[in-house]
Every structure is written in C-alpha cells, then in structure tokens.
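Letters are used for the chains, namely A, B, C, D and E, taken in the order the chains are written, and counting of residues starts over at 1 for each.
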Amino acid sequence: QASDKSLKMATTTSTDGTGLLDYLIPQFKNQTGIALEWIPTGTGNALKLGQDCNVDVLLVHAPEAEAAFIKSGFGKDRKQIMYNDFVIIGPESDPAGIKGKKVSDALDIIRTGQAVFVSRGDDSGTHKKEKQLWQSTRKPLPEKEAWYLQIGKGMQATILLCEEKKGYTMTDRGSYIKYQSVQNNTAPLKILIEGDDILLNQYSVLTLDPKNCPHAKYDLALEFLNWMASPGTQKLIGDFKLLGQTLFVPNAQ
Amino acid sequence: MPEAVAYQLKNIRHYYENTCALNVDELQIAKGSITGLIGPNGSGKTTLLKLLAFAMPPSCGDIFYNGKKEGCFSPVVRSKITLLTQKPYLLKRSVFENIAYGLKIRKDCRNLDSRIRTALAYVGLDHAQFAQRKWHQLSGGEAQRVAMAARLILKPEVLLLDEPVASVDTQSARLIRTASLNARDQWGTTLVIASHDLQWLYSISDSQLSISNGNIFATGIENIIPGPFEETREKTVIKKLEDGQILTLKKPENKKNTAMIKKDCLRIKEDNGSDNQLSGQIISMLAGEKSSHVLTHICVQELSFTLKLVPDQICRMNLYPGKNIVLQFDSTDVEWI
Amino acid sequence: MPEAVAYQLKNIRHYYENTCALNVDELQIAKGSITGLIGPNGSGKTTLLKLLAFAMPPSCGDIFYNGKKEGCFSPVVRSKITLLTQKPYLLKRSVFENIAYGLKIRKDCRNLDSRIRTALAYVGLDHAQFAQRKWHQLSGGEAQRVAMAARLILKPEVLLLDEPVASVDTQSARLIRTASLNARDQWGTTLVIASHDLQWLYSISDSQLSISNGNIFATGIENIIPGPFEETREKTVIKKLEDGQILTLKKPENKKNTAMIKKDCLRIKEDNGSDNQLSGQIISMLAGEKSSHVLTHICVQELSFTLKLVPDQICRMNLYPGKNIVLQFDSTDVEWI
Amino acid sequence: MDFIATGFIKAIELLISGDAATWSAILATLKVSTCSMAFSLGAGLPCGFLIGYFDFKGKKQLRTLLDTLLSLPTVFIGLVVYAFITHRGPLGEFGFLFTLTGIAIGQTILAFPVVTAITAATIEGMDKELKLTLITLGAGKRNILMTCLWEVRYGILAAGVMAYGRVMTEVGISMMVGGNIKYNTRTITTAIALETNKGQFADGIALGLVLMLIAFIVNLSVSFLRKQ
Amino acid sequence: MDFIATGFIKAIELLISGDAATWSAILATLKVSTCSMAFSLGAGLPCGFLIGYFDFKGKKQLRTLLDTLLSLPTVFIGLVVYAFITHRGPLGEFGFLFTLTGIAIGQTILAFPVVTAITAATIEGMDKELKLTLITLGAGKRNILMTCLWEVRYGILAAGVMAYGRVMTEVGISMMVGGNIKYNTRTITTAIALETNKGQFADGIALGLVLMLIAFIVNLSVSFLRKQ
C-alpha cells in the first residue's frame, strides 16, 4: 500500500538543511496521502540520480543545468516554485572594502587585493551561481590563485571555513541566517552585499520523462509538482521563517 | 597363517627442501606389534612417525595401511591412527576438554566423565586434581602425560608415540609402559615408539628399528660408529679415538660413511682373537625384556657400544658398572651404511 | 675459608593461584657447584629454577645472589644468570641469530662467527650444516641443543638447566655433560640441573637435591614412598602393594603423608634383621660419579628404590639387572615429609 | 570547545527524550551493522583461515592484494555497489538502492577484507604443532577450521571488533547507497555528516557519542570471550 | 555500469596527463598518511605491547574501551580536533586548522586504537615461553619490547596495514579539519567525496583507483616483511 503511494525525491542540501522540507512534506502527506522521501545531496548528484531513474522527482536550483537536463530527454516538466537570494558576506571589519558595492566591482576588488575568497567548488547550484558572478566581471575564473579557496563542501562548512580564514564568500540567505542562529547572532561574518538582481536563486521542481524512466512514478511526481505550485503551498512557503526572517519567496506562475 | 601386516612402506623418500630426511626402501610393521624406534637426533624418527600417521605425505613412495593406500583425510586413517607428537600441544581449554576432544570429534560421548577418569589414571594423574585445570596450569611432564591420556582414550588401532617419556618421571614412564602394553593386549593396538630412553624402550618393544641419517635397519639396537675415517694402504679404514686408541674396520663400499656393528659381534675380552681391542668402561647395565639378558653400555672414549650379555657371563667375569674392561670385535663384522 | 655461596634462599613459598608449588625454608648453593634436581613431575623443579633465574619473583621469601637481594631486571642477574627452559623456545630467526642473540644484547660481538662455531661444537652440531638453518628446520633434539648452545656461549656465572637432555640422544647428552663440566672448570660457573635422566644427572652433579611436593631435601637421590597409608593399632602405618606384600613404616607426625628412605638405609638381603622384607627385581645398575659405587634401581611392584652399592658387594652377591632379590629396611629409618 | 560540552548534554537528551529521528537512525545502524558483520564474518573467517593455514603459490601476492583491499575507500565501494544496484544496473530489478539491504551489501564488502586479513595473519602466527595435533587426534577438515579459529580466538576477536569499528564508522557507503533518507536509510554516521554539514556541530558530537555508546555496549557484550 | 569502465580510463589519463589537481591531492594524501602512520605506530606499538604483555587489574576493561575507540566515527574525531584547533579553541594560536598538520593529528587519533588493539591481541597470543626465554637470555626491557614485536611481526604487519587502510580511506577528518581546499588540503578521499557529490561518478572511480594504486605500492613495499 505504501509502495504505490510513495515518492522518492532528490534535492539539494539547502532545502533539507534549512528545515523547509521537514515543514512542508508532512502537509503534503496529509493532503494527498503520498509519502515522500527525499535524498539530500549536491545538485550535480541529484540530477544524476534523476537521469539514472533512481528517484521520481527533483527539487533543485540550477536553471541552466535543468534546461539541459530536459533537453537531453531526461526531464519532462519543470515548474518554478520559489526563489531565495544570495548575499556576499565577509568579516565585519571588511578589510578589502567591498561593502555596498556592485557585485562585479566587489569581486574585482577582491581579486586585485588578493583577499581570501572561499568558493564551494562543488558544482552545486550555489557554486554555479558564484561562477556566474565571476563571469560577470569579464575576467577569467580564478582557479589556482592562492587567495581563491575551492573547498568542495556544503554551504555551512563553507561559511565556517570562511570565518576561520577571515575571508569572503557568497551564500544563500537561508544558510547565512542558519549560521547566525547557531552562533547566537554573534557571528563575525556579516552581509556586505545584497539585493543585486544577479543574486536571485530560482528553485524548481522537475519531473522525469517517462520515456527515459518508465518505472518512475510520473503521475505522483506531477501531483507533487502541482501541489508545490498550488496557492496553498505557496503561502506555506512564504510563511516559513527562520529566526523571524523569510527564507524563500514563492514565485510559481 | 602369516602375521597380519598393519603397515607396508615401499620406496619412501622424504625431503625437507633439498635434504633427504628419510629413505626407506621396504618396511613392514605387523599388526599388534610394538616397534621401538632408535636413532640419534635428526635421524628421521619424527619424520617417519608423521608419515605413518599420514599427517604429511611422503615426497615419494607409497604407504599402505591394512593393504590399502591411504590419504591424510581418509576416515580410516583419521579415526584409527593417532600420534603423540614430540612437543605435545594442548588445546587452550581445560585438561578435561583436551582429553575429551578426540571423542567429541568422533561424536562418541557416552560415559565421558568415567572414561576420562580412566585415561587420567593410565598416566597417573588424579581426576579431581587435574581434570579442571587449564592447559597452562601444568608442569612440563604433566602436560606430556595429559597429551598421552588424550591419545589413549581413543583406543586407537595404531598408536604412534614420539618420545612419550621425554620429560616424564620414572614412575609415570612405568605407567605409560603399562598402558601401552595394555592397549596392545586389550585392543590389539599396533604401537611404534620413538625414544632416547633405551632402557625404557627396550622394556616395552618387541623389536627395534635403528635409524641413522634417514636409513632404517630392522635389526635392533645396533652400534653405530660415525665417520670420519682414514683410509689405510690395506683394505681397511681406521678411526683414531681421542686417547689414541685405534679402530680398524674393513673398507666400505662406495660412498658409505657410517659403520655398524651388531651387538652379538661385540665381546668383552676373554681371548685374543680380534683385531680390534678397545679399553673402555661399563657405564650402565639394564635388564632386558625377559630378564634373560642384560643390556650393557660401554663407553670407549667418545664412542659408546651396547652389548647383550647373559647373567652367567656377568657373574663369571664380575662385571659391574664402573668397571674397566677391554672390548673386542673383528673388523670384518662391521657393516657399512 | 668457607666455601663461597652463590645462592641463599630464605623462607621461599611460591603459589600458583592457591596451591603451593614450592616451599623452601633454607637453601644454599655454593659457587662453582653442580647441583642436581630430582623429583617427580609437578614437584616444583621448574618453579625453583625460574626463581633462581629471577625470572619471576617468589610469592614470599627472599633470594640472595652473591649475598645481595636481586630483582628481575638487575643488571647482575640479567647478564650473569641464564636458564635453559624446559620447552626451549627458538626465536623466529636462523640458528646463528638465535645463538648470537644473547651476545648481541650484551653488545659483545667480537669474533661472533668463531664463538658460535665453538658453541655449536659444544652441543655436537656442525656449523656449516646448521648455522644458517631457520628455527623451524630442526628436529626436536637439534632445537634443544641449539637452545643449549645459546646459553653456553654467554659463559654465564650461573647456568640453570631444566631437563637439558630430555629429547637429546646419548651421544649429545655426553657432550652436554662435558660442556657443563667445562663451564664449571673454566669459568667457575655454578650449575643447577633438573633432569629425569638420573643416570646422566648422577654422572654430572656434585650433589643432588630431591624435591617432592615442593619440599626440598638436600640429601641426594632419596627413595620416596607416596601415600596413601593405612594406620595400624601399633605406632606404625602400612602400605599394601599390588601383589599383597606389605610395607610397615613408623607413624608420621601430623599431616605428613609421604615417606622417604635414604639410600644408605636400604640393603639387599644378607641378614634377617629388618622388619620390611620386599621381594623385587633389579632393573638397572649405573656407574656412580667416581666409579666407586653403583647406583642400583630396584623395582618392587609399583614402587621403585635406588641403592648405592659398592662393586665388592655386587661381585660377592652376583647381582645383575634382571635378578630377583629381597630388599630390606627398618621401619624406623623412614622419614616423613 | 563549547559544542563538545553541549554535545554531551544533547546526547543524553536525545536518548532520554526518545527523539524519533535519532532512534530510527540507531535502529538502522544496528540493522545494517549486524547484517554486514554476520555476512563478512561468515565469509571472511573461512577465507582468512584458508589463506593463513595453507601454503600455496602466490600466497604472498594474495596477501598483498588483500592488504590493498583494506584501502578501499568507502565512497568507492559505494560507487561500485551503486553501479550494480542502480535502476539501470545489472541488479537493478531487486530495488536495493536506497534501502538498508543495499548498505549492508556495501558494508559487507568493506568488512570482508578486514576480517580476512586479520584472520589470516592470526592463523599464520598459530603454533604449527596445533595443526599436527588436530590431525593426529582425528579432526576432519571442518573440525580443524573450527578448532583453529577457537584456539586463536583473541586474534579472531580482534578481527571482529576491527571490522565492526570499520562498519560502524563508515559514511561513504551509507550516504551513496542508502541515500541518507530520514526515518528510513539515515544511519547515525550519515546523520552526523549531515549535522556537521549544516554546521550543527553539537548535534554531530551528540550523535557521535550515541554511536560510541552503542559500540561500547556491543563490545562489552563480546568481551566475555576475552581472557580473564 | 559504464562509469566504472570510464573511471578506469580516466584514472590512467589522470596519472599520465599529470593533472595538477590530482597530483596535488596524491601528494597531500601521501604526506598526511605517512605522518599519521609514523606517529600512531610510534605510540601504538609500545602501548599495545604493554597492554598485551602485562597482566594487570582492569586490563579487560581497558581492552573493551580500546575496542570502543575503534568505533570512533571519523567525523566525530574531526569535530573534536576542530574544536581544539579552531581559532577560538585552546590550540587555536598554532593555526593547525585547514592544514595538513591538522589532518595528520586527527588521523593519528584514528589510527592509534587500531594499532594498539591489534598489537595487544597479537602480543597476547604470543607463546609465553618467549617471554621467559628472552629474560633468561639477559634481555632488558627495551630488548624484550623490540624482540617480542619482531617475533610476532606478521601480526604487527597486520596492525600496520589495517591502520594504513583506515587512514587512507577516511574522509571525515580530512573534510572537517583539512577543509578540502583545492591544491592545498584536498586529499584523494575528499576529492572522491566531492566528485561523487557532483554526480561525477567516473571521476570518483578514477580517483578511487588512484588511491588503491598508491595503497598497492605501499603494501607491496612492506610485503618483504611477510613470510616467504
């Protein structure tokens, strides 16, 4: 009985780590009777799991990779669900002096000043976004430079390493709020840049193409997709707060 | 009816790496016999016993047991033949469990306790005192005797004993002798026993095999004269002893370098007929198997000789241990091996 | 000048768990002496030797070496005293390395090769043939002899030997005897030797200690009559032998249950003066240390007795192994232990 | 430093309060570790025995190979198992992916060389006389196997606890093959990894302590096999 | 399945092409594993010897504790080490965090119980006669330690390769304490974890093979200690 009304979803660590799914999914179960299990992992691995038909549905945030995924015939439907925004954080003293600057200018200052910049370097949605920011400076991506640390870890670990190294990094707002809450709001890293258009981060649900994955539960996946986009759920997302701050902005059309 | 044969060995050679430790062209061991195995260290006694126990296959040659070629894990071999190894190893459990092990393997656990009591009594150990001891709570000789009990309890068809009395006191050696004879008489067990305690071995065995350098002689306790020898111009070789005395022996055939003299060919001086006259000293005299003769050890410098004497001669010549005598034998009585 | 004392033991008790394995009130061992240790299995020989080697501390009591109380890792003890253990253990390396080990520890590596050649010769092993063998490529007796060589090469002040000839052939036993005497004569080594080969032990030791149930008697090779005994109405106890013969002994003091008779108190029947008359058989006769007397073993059913006879008596009475005789002793000559 | 102290307190809270997620992870951990230990011991002990007991050509090479297998990274094992049991893999139809069974398979592969290598080393160090003694007492092949293993039981015990430690602490396989699904395939180690990744160090410490408590209880219960 | 085959080819390419990131990870792995093995052997062999050689009160309890330490999850060790060497921690001023030294410290803690436990078990299984023989040959305490270890060298070797396997395959410590910084503290295992997380399974397999190649070479070079 459980087997026909259950779904497996691969998702990024941020949706799990912030507690959003723990908040949403029981309601999904209540309303539809579908038990959803999720596998928190990197965006790259999540897409791979979908490609191999090991899950039924995806919740990820890498628009370009998602488009490619559908184009290759692995995915079928894609629906934007919500976004959050990225911020650039650094030591409160801001030794490089980037506070309030435009993103591309700030990155140029970091590059020329050789201030430590910590990159997730894990091909996650966040990492892809960060690379996009560097591209916006129209200079080659930093790689082996000593000040550019690619650490290949999750967001929290990246922030903590950044704190140790007294450097700068880019993070989604949810992770930053979480970081602050763990540190009892005495965190030495502060938000230095926010609100730039380029810093928006779109989350979408993808269903798998039944042609590629005939065994995947396409119908249930579609039900989940629609449920996520439904006005009720959208309101739930909007109401989800951590330390009194909204993390995700619902934007399903 | 010819005597039933337990073992038949044909053209056995055993090599450790490249050295030949055993070299037996032909050997038969009769059922129900007790065979003593005598030879210096490294002569191949243990090797032979391991082969007889089918604990390792010979490098080449065939061993027949009851007329059949057997292998290591043949059920006949494993359930009927047992070997008391030279360094007895006790399993890391109690004495009781050690002795019971063989029976448990055979799934034969009736009256276990009383049978173990009997087995311990065979080797002179008290059940109450020893049965529950751990393997490491025993003295050297006690461990040896527990190992012996673990073999006796199996009532084996063949009992191979490798120095069963090496570190055992005289009283217990006598018990082991009684138990061994008992096994033969009651269960028809065939025994092969290696030991350096010639007196003990002689008192238990029907016949003896001498081993030297891996070669076997079925003729009993022989006298071995090891090389080197010097050649002379005549057809003889000589050996000089430490005090200058000289042995003269007939020349060996090719390559053989160890001389052997039968006990019967040795005489304590009465006439002057022999070409070898050696002054030596009697060290010990032991009662032979049926008390009708006395085994006498004589030491001539670095050599030692064994003679069989009759009580008559001893009394006539007033022989006693410690007495200096002259030993003689003919150089032509020597055999080369 | 009084004889120098190597060891002095005072009120030594040694317990394994709760059983007392050794109980020595007072014992002295003179420098340069060779002491034989005789006793049945489990009597405490190995325990005593381990204590003398300071390899383990006694449960209580003091051991003085050269007048000083020493501990296990005192440099004097470790460099001067060595023990050949009952089960010789060879290190997992070549024979050469095994023998060299003690010297290497002492950082004394001059002429290593030639010294090892000498040590091997002491025990009758050929350097070319054995030096490079691995520890597991040896027969039982060869291993024993290698272990002996490893002790001899150290030229120790004290050499403790626990059954050095247990699985060694007669020829090598003689070599080990020579080497031991040599050690005493050349280096002044003090030796304590435990062995069940009484003939061999008797031929090497100046004096013997008998051990029984952990108790030591300094009087030499004694005759022990184990219990149980039955009490009679008079002031005696008796022991019935298997064939019905009866021994009568004076009553023991409290709790003692093992009887001992000195060799000198045993006689082969000439008169009729004793209350114990036992018919038995001579089993063996061995030459004593200085050839002036003959050790004679007599078996009376399950008991065995040892006598010291002079050649004279042997010739007069025409004694020889195998002869049936009557043994006699006075019940008052018995001591209880 | 604070988070270690906090972790201690949290560990006690987790256990007392009966936190459902924690207990589910504990249960999952116990299930897979029991399973994988049973299989790896069942296969590893005989294999180790054979390798240690017999002398054969190529033994040394085999031992070196076995030692190399000890360095199999858990993620690597996870990947390989994944390749086999993924939906499109040769064993896809059994649906082992993201199940405890899948994790157990991977952990068995992880523990097998550990058990085998230590058993082989222990059997090799065994007194050669034992072999001879058993044969001469009439032991068959099976008896020899069982008795030898029992004789060297301290070594075998070491093999067991070592493999157990390996299985209990691995993350790569559980993560890769199990998928770290809450209330299902989340084990204590993947939970620790997750908490740590979230920056919840105190929770990580707490779960680590819980894991060690389990290990302690298990080790205590096999310690009767130890020499007294 | 394909990615395993692809991984094989990629492994060869990585090594031949001299890929800078891979070689940097190889070097980092070699450095920390050598360091941590040296320290854990240096401390673990004597400790294991003492525990196995002497009989003392509480020995059994100590052994159980040691067995429990075998189940120290690497992430847990990583967290504890992190707590000490973070710049707010008691050893913060040394700046060990996110350095290879930090990883080596953690891995030493990981390998120490492994070495100690197996050494103790091996020494415990040693023939009691050896002890007596060494004493009677005049060996001092140091000689006894060294000779005993050499006598049971197959067991010690097992302890070594087992600890090496543990050190080579752990991810938690390297990740947590090292920080997985590319070209700096990224080791092969953290690189594998990363690639796997990225879904680059073939790269994960390739790096895993590289790791095992290193382990193979190391094991081969100590295999001369094995019985011939």
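We take it that contacts are C-beta pairs under 8 Å (C-beta built on N, C-alpha and C of every residue); 3 or more make two chains touch, one makes a residue touch a chain.
What you see is a predicted model, and the numbers here were worked out from it, not measured in a lab.
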| item | value |
| --- | --- |
| Neighbouring chains common to subunit C and subunit E, by label | none |
| Contacts common to subunit B and subunit E (chain labels) | C, D |
| Lowest number of touching-chain links that must be crossed from subunit D to subunit E | 1 |
| Maximum centroid distance from subunit B, chain identifier (CA atoms) | A |
| By count of C-beta pairs in contact, the leading pair of chains | D-E |
| Distance from the mean Cα position of subunit E to that of subunit A, given in whole angstrom | 36 |
| Approximate Å spacing (C-alpha centroids) for the pair subunit B, subunit C | 24 |
| Inter-chain centre distance, subunit A versus subunit B - centres from mean C-alpha coordinates, in Å | 87 |
| Two or more partner chains touched - positions in subunit C | 87 |
| Touching two or more other chains - residues of subunit E | 127, 193, 196, 201 |
| Residues of subunit A touching at least two other chains | 41, 153, 157 |
| Pairwise chain contacts, counting only pairs that touch as defined | A-D, A-E, B-C, B-D, C-E, D-E |
| Contact footprint of subunit A on subunit E as seen in their complex | 20, 86-87, 97-98, 175, 179-184, 186, 190-191, 193-194, 196-201 |
| Subunit B to subunit C touching residues, read off their complex | 16-17, 39-42, 46, 86-87, 137-142, 144-145, 162-163, 166-172, 174, 196-199, 281-288, 291-295, 299, 302, 304, 311, 314-315, 318-323 |
| Subunit D-facing residues of subunit E, complex | 1, 3-4, 60, 63-65, 67-68, 70-76, 78-80, 82-84, 88-90, 114, 117-118, 121-122, 124-125, 127, 152, 154-155, 157-158, 161-162, 164-166, 168-169, 171-172, 176, 188-189, 192-193, 196, 201, 204-205, 208, 211-212, 214-216, 219-220, 223, 226-228 |
| Contact footprint of subunit E on subunit A as seen in their complex | 41-42, 44-49, 121-124, 144, 149-153, 157, 161, 164-165 |
| Subunit E to subunit C touching residues, read off their complex | 127, 129-130, 132-133, 135-141, 143, 147, 150-151, 153 |
